[in-house]
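Working notes, structure below.
Order as written gives the chain letters A, B, C and D; numbering starts at 1 within each chain.
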Amino acid sequence: MKYKSLVINSTNKLLFGTAPYPVTTPRGLIIGGGHVYPEINFTIPPMEITEKTIPELIPYYKGIVSDTLERAVHLNSEGIIVEFEPLIEMTRYPEIGVQLVKAMNDVCEDFFQVHGMKSELRLTPNDLREFDKPPKQRTSAYLEPMMELFERGANAGGDLLSIESTGGKEVSDDAIMMCDIKKFIFSQAVLGVRDIKMLWGKIVGIAKKTGKIPGGDTACGFANTAMILADRKYIPKIFAAIARIATIVRTLAAIEEGATGPDKDCGYEGPFLKAITGIPISMEGKTAACAHLSPVGNIAAACADLWSNESVQNIKLLSGMAPVAYLEQLEYDTRIMNQAIKDGEDTWLKLQDLFVKSDSYHDPQAFILAPENVITISAEIVKGENYVDATLRGCKKGLELIENAQKEGLLKRDEMEDTWLESLKTELYNMPADEEKLVEDVLPTIDQNKIILSEYGL
Amino acid sequence: MKYKSLVINSTNKLLFGTAPYPVTTPRGLIIGGGHVYPEINFTIPPMEITEKTIPELIPYYKGIVSDTLERAVHLNSEGIIVEFEPLIEMTRYPEIGVQLVKAMNDVCEDFFQVHGMKSELRLTPNDLREFDKPPKQRTSAYLEPMMELFERGANAGGDLLSIESTGGKEVSDDAIMMCDIKKFIFSQAVLGVRDIKMLWGKIVGIAKKTGKIPGGDTACGFANTAMILADRKYIPKIFAAIARIATIVRTLAAIEEGATGPDKDCGYEGPFLKAITGIPISMEGKTAACAHLSPVGNIAAACADLWSNESVQNIKLLSGMAPVAYLEQLEYDTRIMNQAIKDGEDTWLKLQDLFVKSDSYHDPQAFILAPENVITISAEIVKGENYVDATLRGCKKGLELIENAQKEGLLKRDEMEDTWLESLKTELYNMPADEEKLVEDVLPTIDQNKIILSEYGL
Amino acid sequence: MEGLLEKIAYCVEFGKINKNAPYPPDMKDQDGADELTKQAIDQGINADEILKKGLVTGMEKVGIKFRENKVFVPQVLMSAKAMSTAMEHLKPFFQSGDVKRKGTFIIGTVAGDLHDIGKNLVAMMIEGNGWEVIDLGTDVKSEKFIETLRSYTGSYIGLSALLTTTMVNMEKIVKDIKSEKPDIKILIGGAPVNEEFREKIGADFYSPDPQGAVEYLNKLIA
Amino acid sequence: MEGLLEKIAYCVEFGKINKNAPYPPDMKDQDGADELTKQAIDQGINADEILKKGLVTGMEKVGIKFRENKVFVPQVLMSAKAMSTAMEHLKPFFQSGDVKRKGTFIIGTVAGDLHDIGKNLVAMMIEGNGWEVIDLGTDVKSEKFIETLRSYTGSYIGLSALLTTTMVNMEKIVKDIKSEKPDIKILIGGAPVNEEFREKIGADFYSPDPQGAVEYLNKLIA
């Protein structure tokens, strides 16, 4: 663990729109520099995607971006991030992805020239390695097209590079379904961290070579999976909350390798990363209800530097196309935040306080995102001697905070979950804080047909 | 004009969540009583609607309402309004509408019994009179099914009664397209007012008879039509702003007839009505971007007692069905507002200030909705000797405020609109402030084939 | 002669109807499209030239400005009024067959639907482009379209719908017309309509705006 | 005898696998589904009864609690484990044909798609209801389904897709299977899938949740 102390250690410095290490983009957005920008994300309805259909895909994607930017101009937006999250085929055959990046970047440049509208493309290639069964995290032939899309896509105009990497998923899915926190921590603090270091080493290399911004990763595939399952009452919310904390170190590892932020939107480890490292972060909350429901609609905004809708299909709503409607919603959300920033620290903190208090006592998953709790938990994490220890400390602290808040009657309790709090506690307090021992403990309980340990250097 | 002075005459009393005359619903929502509730509204994708398809429609509508209420329970909502805006056939053949009201109300009651979830149906029959060409506002055979749906629907569980009435539309459409403010004022202050009085006399009668709440009307068909056209740059925004002011008296006339609020969501005359009469109001802003884009995303919330999404089709988003996603967004929006209310006057005013300042200087249509301007304009309106005079006063005052703000460099100007400001001024200052004279002036310029004046008692 | 046609085009472009018209203020007391067209005819200028080089050219210019958001609808409406006033003078030439419009376009908002603002704009832009437009208004049923088609053989149809519920009626109308006259080209539009829906119901063309319809129609007769 | 089957059902319902299993804590050191099923067989209780009145009944109970959000997935998974452990003892009776499952259900996530959490839940609930389930995993192509169908004639198919892009593959798979075996019933599901899409691609049944699929399958064989 590189970080031994927090970059932000006081609650009233952990705020939306500002980060100790802001990131400046080519067209002049200063992310974390005193302004929150919308990050619009979209996907397409069922459509054939092959190299042959590129001529149809290009105008389609250009159309979405130009409609969206047009609306941004109409609303006097001060700038937006447009995320391109390719569909599988577009990474599998990087030529498709590259051409789409180029086409969309042309639109961005056009709006910059004509209207002075500052926009920037975030390029997030897919992690294809899961298609090997079991996945070959280090030796997969899929790494090649992924890296090709990163490099050629960066050169074609992908100014911010990100990925939602999937290292550890062979174990985490089952761990979530069984609510096995030990196995889950193993998947994150051992497998996840190892995989991220390898992968982000490469991505940061490409960013340096192409002069682009190595944004960051997200534990979407882990903690959001848990969140969605908890939302459907498939697993306890308290498990999802602790699982969220358990993902922090894996995403942190990308920053240790050189990622500078803004991290990827679809995870909620961002506030912890910001406290620990000072990078600007992208977050999503209520206005991502098009992509998934969540218990953190407002509190997610508390420390956001980019405010995202995660993903919406390009379908027609009564008002027009969905990405345009969502851009408008994001823009209005950020207008309030930016107005509060302009009005000075008092108002800034007050608005944050509204975001926080309005959500945090409804659900443990929201509660742990309150800046105060983020700082407390992060401070525990950086005390860790290694990633496992750090994770364990974070999880224990999180559980303690939750338990106390429930006891004090502040945080809503769900009776069905009480026994789960107890069993989580038991598990956490009976777990080794050392990688080697944890591996030894967990290995016999996992299905060796599903995972190749050497692909994690184990 | 019944109202001679303002019920609310200080800016810091014109706030979201509170109204001098709150309205209590049967299941215990107190609208305007210190809490902002979401108002969810939805419509269905293309589907056959006849008495024969009732058996398919019922489970469909029940499904939407129960999914939505389930989400509201999940989010610990303190209550919601569900608006039923029927499709034409459901008013044309009231049996369909009545059965759907009953079915949805059963769901509401069920959630009330099982989960204590307080919800209430707003029933908004369609104004069918336009189907006669030219419309017969008073003698139309269509009035019968409309009133039947009001009455039987009220008895079946439609607790709040509303309509978007269309009196004056024969003239207003052309007036908007030609940006003819004189003709537009005629359509509102003469035709609109006369029609509303007739119609709301009946509706209030039904409300009394059935023991239900006569909510209110909206000038959606007039001012929103102008707003949408301005949004597409078809007409100047400044015309749309003044047209908005010109609609106030017609919707006010419903309150004079006994409507108590909450008025219908899809208009922005609400804040003025609140200032003048003290009723609670329903508003829509950014979270109605599914139904229409707008320049008033945040400022619309400044004085809202209900917060609505106007309408979203029941289509599938990545997260689930659209009405559920929008209910979630509304709930999070209102959580912040309610938290601010809880935190006391300071925070309450500060949040309102953020809503206001973040929008009001971008567009004249937003600007006139700033509480300060609402009060100034409303104060002018109540000085009016009659509806025409009142309207003219309001419009002149609005134009003056806009002009000054533009001159001071506060309000964004659009060069293309400058000549329109001038010509609007000329027209307003050369117009009679007296109904009879206005009628005399305007009659020769309107197409008598399109309107039957006797249907307005003219 | 060139000068006169240019002047007519200018009057149409800026919506100068006739001498008495107060609009636009800076052309006060000058001749308008009305007077100039009469003069052109009196001077023996070919009516077809007056139509194409004068009136349609003027409308095309304002149409382009409208598409580029450089003028508002009322300005286009004034242009359209200037054009239609001038057209009165050309009537005899249409009747004699000396001048032809590009073709006939029949438009209406479908049964059950009363929204007509969008439809009116489409009608106006197509008319201004030199087409004869028959506007059947709102709430129009299949029979009405088919009946009108009988009087105007070889014309094109435009349907508008703003309600998702009336999209079903749009589908029905398309089927009814096509089963009566399979070769008729049907254009559709309105906020809830899209390309996918067009394909589904077997209409021939969808456009989100009037311009697209104008271009499509012109291509059809090219 | 009744008592024993009830106990087995109870063990399945509460996920008591065997004596050594630590879960649930309040059944520590008691016999589990494993031991009790063996006892039942030893006592000569009809294997079919053990399956239906014991195991399936237990799973049904936990299934109902799950649907009503009274238990979480891990609890259902424990029940499923208890059931499958007990099933080991019934194997010989299946082989001899003394006991039959309700039928065979082949399930997989379609080609290009790796999401399997939803599919796994569906598989689990159907299996627990007394069906044989063949889980082909994720990223499954038409050939694989058709091949599997050859070995399990008369079975039913379930397809899952979570990406809008792989919905196209779902369509293809349905077509491929139907053109090979027109009578096969195909069930589909996954977040982006809906009834309209089902109709479009010609699948037989769509359900947003596992319960719907279980009910549909049971109706089919009723």
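Note that a residue touches a chain if its C-beta (ideal position, glycine included) is under 8 Å from a C-beta of that chain, and two chains touch if they have at least 3 such contacts.
These numbers were taken from a predicted model, which means no experiment stands behind them.
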| item | value |
| --- | --- |
| Graph separation of chain A and chain C (steps between touching chains) | 1 |
| Chain labels contacting chain B and also chain C | A |
| Top chain pair, ranked by number of contacting C-beta pairs | A-B |
| Farthest chain (mean CA position) relative to chain D | C |
| Separation of mean Cα positions, chain D and chain C [Å, integer] | 63 |
| Averaged-CA centre spacing for the pair chain D and chain A, given as whole angstrom | 34 |
| Computed distance of Cα centres, chain D from chain B, in Å | 52 |
| Centroid spacing, where centroids are CA-atom means, of chain A and chain B in whole angstrom | 39 |
| Shared interface positions of chain A, touching two or more other chains | 43, 313, 318, 320 |
| Overlap residues in chain C, where contacts from two or more other chains coincide | none |
| Chain-level touch network, classified as line, ring, star, complete or other | other |
| Pairwise chain contacts, counting only pairs that touch as defined | A-B, A-C, A-D, B-C, B-D |
| Chain B - residues contacting chain A, complex | 43, 71, 74-76, 231, 285-287, 289-293, 295, 297-298, 311-313, 315, 317-320, 322, 324-326, 328-329, 331-333, 335-336, 338-340, 343, 347, 350-351, 353-355, 357-359, 362, 412 |
| Interface residues, chain B side, partner chain C - complex | 43-49, 87-89, 130-131, 133, 173, 177-179, 225, 229, 233-236, 313, 416, 420 |
| Chain B-touching residues of chain D, taken from the complex the two chains share | 191-192, 194 |
| Residues of chain C that touch chain B when the two form their complex | 69-70, 72-74, 77, 112, 114, 116-117, 120-121, 137-139, 163-165, 167-168 |
| In the complex, chain A residues that touch chain C | 316, 318, 320 |
